[in-house]
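After this come two complexes, each holding chain A, first together with chain B and then together with chain C.
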Partner chain A sequence: MQDMNVAYDTLIPNNVGLSSDKRVLKALEKWHPGYINWWNDLIPDQFQRSMIYLRTAVSVDPKGWAKFDYVKMPEYRWGVLLAPQVEGRTIPCGEHAGQPAWQDVPGEYRNMMKRLIVIQGDTEPASVEQQRFLAITAPSLYDMRNLFQVNVEEGRHLWAMVYLLHKYFGRDGREEADDLLRRSSGSEEAPRMLGAFNEETPDWLSFFMFTYFTDRDGKMQLESLAQSGFDPLSRTCRFMLTEEAHHMFVGETGVGRTIERTCQVMKENGIDDPYDTDRIRALGVIDLPLIQKKLNLHYTLSLDLFGQEVSTNAANAFNAGIKGRYHEHRIDDDHKLTDATYTVWDFEDGKLVRKDVPALTAINMRLRDDYTRDAAGGVGRWNKIIEKAGIDFELKLPHEAFNRKIGVFADKLFDPEGKLVSGADYDAGQTKWLPTHADGDFIQSLMVQVTEPGQFAGWIAPPKVGIDNKPGDFEYVKLAMA
Partner chain B sequence: MNKPLKQHLIDPEICIRCYTCEMTCPVEAITHDDNNVVVDADKCNFCMDCIPVCPTGSIDEWRVVVEPYSLDEQYSWDELPEQADLAGGGEAETGLEALDEAMAALLAEAHAGAGGKARAPATASKPTINLYTIGKPATAKVTGNFRLTAEGSDNDVRHIILDFGGQPMPVLEGQSIGIIPPGTDAEGKPHLPRLYSVSSPRDGERPNYNNLSLTVKREAGGLCSNYVCDLKPGDDVQVTGPFGATFLLPSDPNAELLMICTGTGSAPFRGFTMRRQRETPANTGKLTLVFGARRPEELPYFGPLKKVPDSFMHKVFAFSRLQGESKHYVQDKLREEAGRVAAMLTNPNAYIYICGLKEMEHGVEAALDDIARGVGLDWKAARDAMREDGRYHVETY
Partner chain C sequence: MTKLIDFQTDPSKYRHWRVEYDGPIATVYMDVDENGGLFEGYQLKLNSYDLGVDIELSDITQRMRFEHPEVKVVVIKSGKDKVFCAGANIRMLGGASHAHKVNFCKFTNETRNTFEAAEADSGQKWIAAVKGACAGGGYELALACNHIMLTDDSASSVALPEVPLLAVLPGTGGLTRVTDKRKVRRDRADVFCSIEEGIRGKRAQEWRLVDEVIPNSKFDDVVAERAREFAAASAKPDVDKGISLPPLTRRIDDNGVHYDLVEVEIDRAARKATITLSGPATEAPGSIDEVTAQGADFYLLKLARELDDAILHLRLNEREVGLLVFRSQGDPALVQAHEDLLLDNKDHWLANEILAYWKRLLKRIDMTSRSLVALVEHGSCFTGVLAEILFAVDRSYMMEDEFEGDNRPIATITLAASNFGQYPMSNDISRLDTRFLGEPEAVEAAKAKIGEPIEAEEADALGLVTYILDDIDWEDEIRIFMEERASFSPDAMTGMEANLRFAGPETMETRIFGRLTAWQNWIFNRPNATGPDGALQRYGTGVRGDYNMERV
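Now for the complex of A and B:
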């Protein structure tokens, strides 16, 4: 049973007919208090009591999924929302391609599917944990609102994965759902599953870089899960993608506004040389070379999330029809990759080489290449801001060999151009390539909370348009008294 | 000149290329290359499904064009072109008050008294138009229907409250919505919507409820007005809109407003006043209302209006049928207030709005002309300059 509109007749808003699915409803209601406790313990109390101008999906029909209103975050209606079922949908790839999509989990793929859902689910609460203290230094109420919108939607994405675990994976699904609340970002005893999700997000530039680069990995994973032959997973991920777009927006415009403000202050003070960093920093804005360093760091950390370039796990998931490629339905081939090859990086005789391997084993690499193309687009738009200001500087994605911990490049030293370098050269170059402690301290020194509607911290420009067409001085957050 | 078209475009400076709109578009009118996401004017049917799903605010852009921009032109843009000046076209053809032709024509007729193409106040919020259409209307539930005029009066004006539940209905003060009366016309076709000005502020009749109010007069033999005036709480109503992109409130709290109305023409001004009261309650001395009716019992919102402090709004009532008194019309009251009105004509931060029956236009304009002349102004020139500046608005029917 499914509906476009969201039912509010149970504690958990949903369009999956929960009120007539007593078993799953009961399981989710049992899980719910733990979730609320997790949320309440996480976000500082002052913000929990504040009224935030958030969007809530009230229907999965396009008209209904962006209803804006003031809401206190603990009262946000986290729900279970699936994109409408497509009549006659078939499995899009792998050995079962063309057969009707599964409405239940096929036994032989149960463990593989569960693992993919758990990994995806684990990243959602992790990012909220990483960002929990950022509101204290929000550069404006607008940005604070955007942060909380990202946070509540990551929370909803956790709900989406927990629903699948409860609905389709029985007792071990329930245990996995509990573990999603037990693990915690950066914890010694029970860390989050993926490395990048155990680092703190220390400042707003890191947050913008994280939403641009790391959430974009999330988007690519969701894109490939949206191609799954397991229909409930596909529908869940399709709806999550519409929300994920907001996170991309926060990242791209956040970095863009930081760049814009730096260029503006440089121009106002007659500084043309982007490397005149002492003078630029003295003016309270973040120099472009430091923005490049942050970009280098976040891009390369995010590349590691795609796993090994050549992977039998990825091949198995594709072949089983559990996980497709980016825009699988638009790719014109047999969707089985029986004889196809794909070019990947390898390291032979002390050199990087390009090498053809069976495409089936290179699924991760292909998704990573799609990711890099997608990520390069925004970098080009950032460069337009710099060019418009008349400053001679160009941001670049570093070579994918640089600063890697996973895959063929791991444990070897490359510079951002992809050249193999000695330990001494790397040490000498590192302070130019990656943010140093001093860089981090400088950014931290700029992080001050601004709570006057329409006002922005000095290091970032205001946005070009407001959320929901709101004017520049709109009070996006009505802060509760501390 | 070919008939101009309203073309949907995407702002390449704001768009982040997430392609959510492209995936949402039911008719595949949206597509992209390595540079831009673009809309095919041949395919776009104004269904508006792409508008709410955009995370950036880049999607709700429209230009009136004689020749639509091709996909290749749009691919090559770094920024959106300005709206070209389409000489010769009337508001219905070259304005962006509504996308449906019928609604655009109705509003153009209502605005005709301004003497030229209307412009929105520079600081007005960006309006949403045409979110719901005849083919895909919103369904609202009636939550209230109250008579505003005295029971004994033959003049039945009603305050109708509509709740939109989960459906977004982003209206600004001064905008209108369409109500589709049920049934069919003599040719068996569904009735066209009738336009009604919204009389509540943007955050709802009740703050933060997704509702709005209308002020509707029952017209003898009126198909839609009788339908609306007879609605009962719980009834469902089919709604199109919102419409209107120029008769709007400036966001600048220092802007001074002169609001001139008769009867249900007070609807937008109720919205303006409530908006100001909710946003800047301490902002005194900026509003003037000149309101005409036959008698106090027939003046919509007379009771609530009396409670608005004079310091917040200077209220002038003109009654034309008061027992034992001579007839007063709004134009007479304007003349009595000549000093105040003249000051507004020369104040670059003052806005004039006229709303009500078509018949009021002539008298009001003659009064304004006299007052202008009294301070050495050429009325036509002053009016045209104010209108071009988004500071002179007429909506009469």
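Now for the complex of A and C:
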């Protein structure tokens, strides 16, 4: 073991009394060097040495959670921060609803809880791994900085989960924390736990789509864990949500700026037909139908992350009170769901049907429906941009049956409207519904690094406002010499 | 049944038995007081028995060993005219909860095993002199004796009528001993176990159900003669005088049971009892004669008696306590010195009896259907016979390294030669052999450490404990384990533990406690036996049980 000799309270902003917590300190001392190695091996060296204008959370109060300054990423202060404890908080759902929230892991649910935390924790470093080469093609210093901000915060979210494992799950927890660094996105040896997190993020439009759609799944999971009866998990997730909001902002504005630039270039060149893709692409911007295809892909991949529509695992977690529903505290019911039903999709006699099932078993489905509503908001705002430009095109979330690998729709062929189609129809439609390799090549051709402050690659518009209200030509990244 | 069941008794309190001592021969008369049932609602007619009757028998077997070592032959007879023993009381069984029935059967089985093994363990041979009807549990009582004599009066018979009469099994070893011990041919056993009236006279002997059939007129004489012959042939050394087993110092309150050396602390909310064993307060006696002089005060005997009583108390009186946690505190060297004294004097009757008692007691722990866990804490004294507890439990946790603010001696385990065969399990091999069934080399590795205090890391490497935990993890890991354990279904736990504990060879004993008991407990849960129209409920009404005829 490397002797870190670290003043942890200084190095790791925290509100959990880290320096006096022998259990966690001992565990962290062993884990921390591995984490730093992981980070150093991951991000290309040039960027490790660059000064980046990053937001650091040093405390959970409004003044402390967003401190901006230049920092080299390996020196970033990954903190362990929990939302303040709410006096008298009770378990919000399930058979223990109304009892005082657990401050320690109840032995009965230890394994279930550990599994949830490990799955959540596994996604955090995975996305950093998926995005590791993107900085090389960053369309601006502003975007490069946002990428790194997302990356360090995913890193911090890993810390948050590792803290819970170290603090509350003893020896097993330490082993799981080590395994979070052992697994790696796309690895054959030890891949990340969820399929969607083993795909490389090949370009910036994918990154924006990922942060909009896939990080939103993360948000929904965090929202339901924020409702946990295990108070430290709830408090951790509540604070993570404040940061997750920024990732979604990066995604929504990133896609929005791409759309805005496309519309602008179309207008400047007198193109009204959004399907005149050859001409549009020749102008170096991404046509709206391709954006729809990317949307179709990322939305449906993200839907798969919610698991089976009818799930006993989800029912068990809800009933145990360790995972609630989205905004559980605002829902007006008994929070036990002993007799309630919920309507889910099913596939019977060759067609899709709506079916009432016990609400307890449909927890995943309900969260997925909440997700869809949440995801629809940004799509509406993107359409406003198109509408304002006077182009006749509307982006749409595809039907949830389309392109699914998990759940009742898996292994069947649906078009984006949710219509069951033949293999031939699917093959014929596929190139219109999902990005092709040629589409990928085209997007890749636009990916060039722009490092001049205030300058942007031709396929994307500048943001309306700078980060931390900085002016347009602000040097968000002081690049080290390559 | 909320009444407290007390396993402590002595001859002055017996209601159902009397014992006559005559030099090397003792005669035990079963003479059950009809109105002396442990609970309301039934009469103990025809020398039928309930748990109260069996507690007295258990006391007799124990005192026979310690207080009457001069006895070489024990004759068990009926104190009533026309009946030897009618077995377990049916009305009692009909009215008892499932849990009580199961515990009752387990205890009676353990008592039968004790007097059956008395011949091999200490040269006390039990023989049954059967006059009158000897049915069901009555014949099982005889079966556990190592010689059965039946009078040929054309009325006395031996029988196992449970199946035809009650739709349950002869569950106190009956079925097993007929085939395994008496080696009755299986088709004859099938006939025997299917008929209510049993088998009389010569045929009983032909079929190996009894050893001797004796004309009624000569019966008492032949029994007396046989007892004298056996006594004369006994290899048991002559012993002048035993030691006395005075009542235990015991206090039972809401929080648990408190003895001198054993402390049972009950946490009902956590469904847990913590059993703390104290090491000896003084040096071991200098000689085995001093042990005899100390008698029941000798550390390892006193500890065994207290622990035995505590386990029985928890089994019967604290049924919702699902987890027994064993701790010990004391000087391991002193514990070992006490055991060594016994091991060095194995041929001395008292040393032998105390060691045999620990063998029985450890089996009783093995057989206890609660989750068992041992905590090897700093200052503990798990050595030799007490280390055996670590191999009896389902899991063990050991403290690793120093704990802040804890100045007790660092936790160690010390093995002794006794851990390698002195205290076999019911499968007749040692707990370490059973533990390391797939790695016999691990037994050898452990053997090489005899006498060395083994600290956590090494104990872990040797496979002697489940987990070692340091200061930081200890409290939380154990809390979480115990909470998790308490949340599981007690039935599934009992089944799982019973299956995992007894790896290795089958013996008659494992078959009794495994196969026979498990089937019996299944039948006890089936309506054909215990439902409102089942045979147990209808017994005595003249109406047969109404059976569901589906074979399962």
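FYI, the second predicted complex is superposed on the first by the 472 of 482 C-alpha atoms of A that agree within 3 Å, B and C clash if a C-alpha of one lies under 4 Å from a C-alpha of the other, contacts with A are read in each partner's own complex, and residues count from 1 in each chain.
What we mean here is this: a residue touches a chain if its C-beta (ideal position, glycine included) is under 8 Å from a C-beta of that chain, and two chains touch if they have at least 3 such contacts.
Please read these numbers as outputs of a predicted model, since none were measured by experiment.
In the superposition on chain A, A:289 makes contact with neither chain B nor chain C. Judged by the touch definition given at the top, the superposed model places A:466 against chain B, while chain C stays out of reach.
Of the two partner chains placed around the shared chain by superposition, chain B is the only one that A:253 touches, whereas chain C remains out of contact. In the superposition on chain A, contact is made by A:66 with chain B only, not with chain C. Considering which of chain B and chain C touches more of chain A, the answer is B. Contact with neither chain B nor chain C is seen for A:453 once the two complexes are overlaid on the shared chain. Using the contact criterion defined above for the overlaid structures, shared-chain residue A:17 touches neither chain B nor chain C, since it reaches no partner.
Of the two partner chains placed by superposition, only chain B is touched by A:245; chain C is not.
Shared contact residues on chain A (touching chain B in one structure, chain C in the other): none found.
Chain contact summary for the complex, chain A toward chain B: residues 5-6, 58-59, 62-70, 241-242, 245-246, 248-249, 252-253, 377-378, 381, 384, 464-471. Contacts from chain A toward chain C in the complex involve residues 22-23, 26, 104-108, 110-111, 168, 170-171.
Contact residues on chain C toward chain A in their complex (touch as defined above): 467, 469, 471-473, 476-477, 479-487. Contact residues of chain B toward chain A in the complex are 13-14, 16-18, 20, 23-24, 34, 48-50, 52-53, 55-58, 60, 78, 123, 125-126, 128, 131, 166-168, 170, 208, 210, 251.
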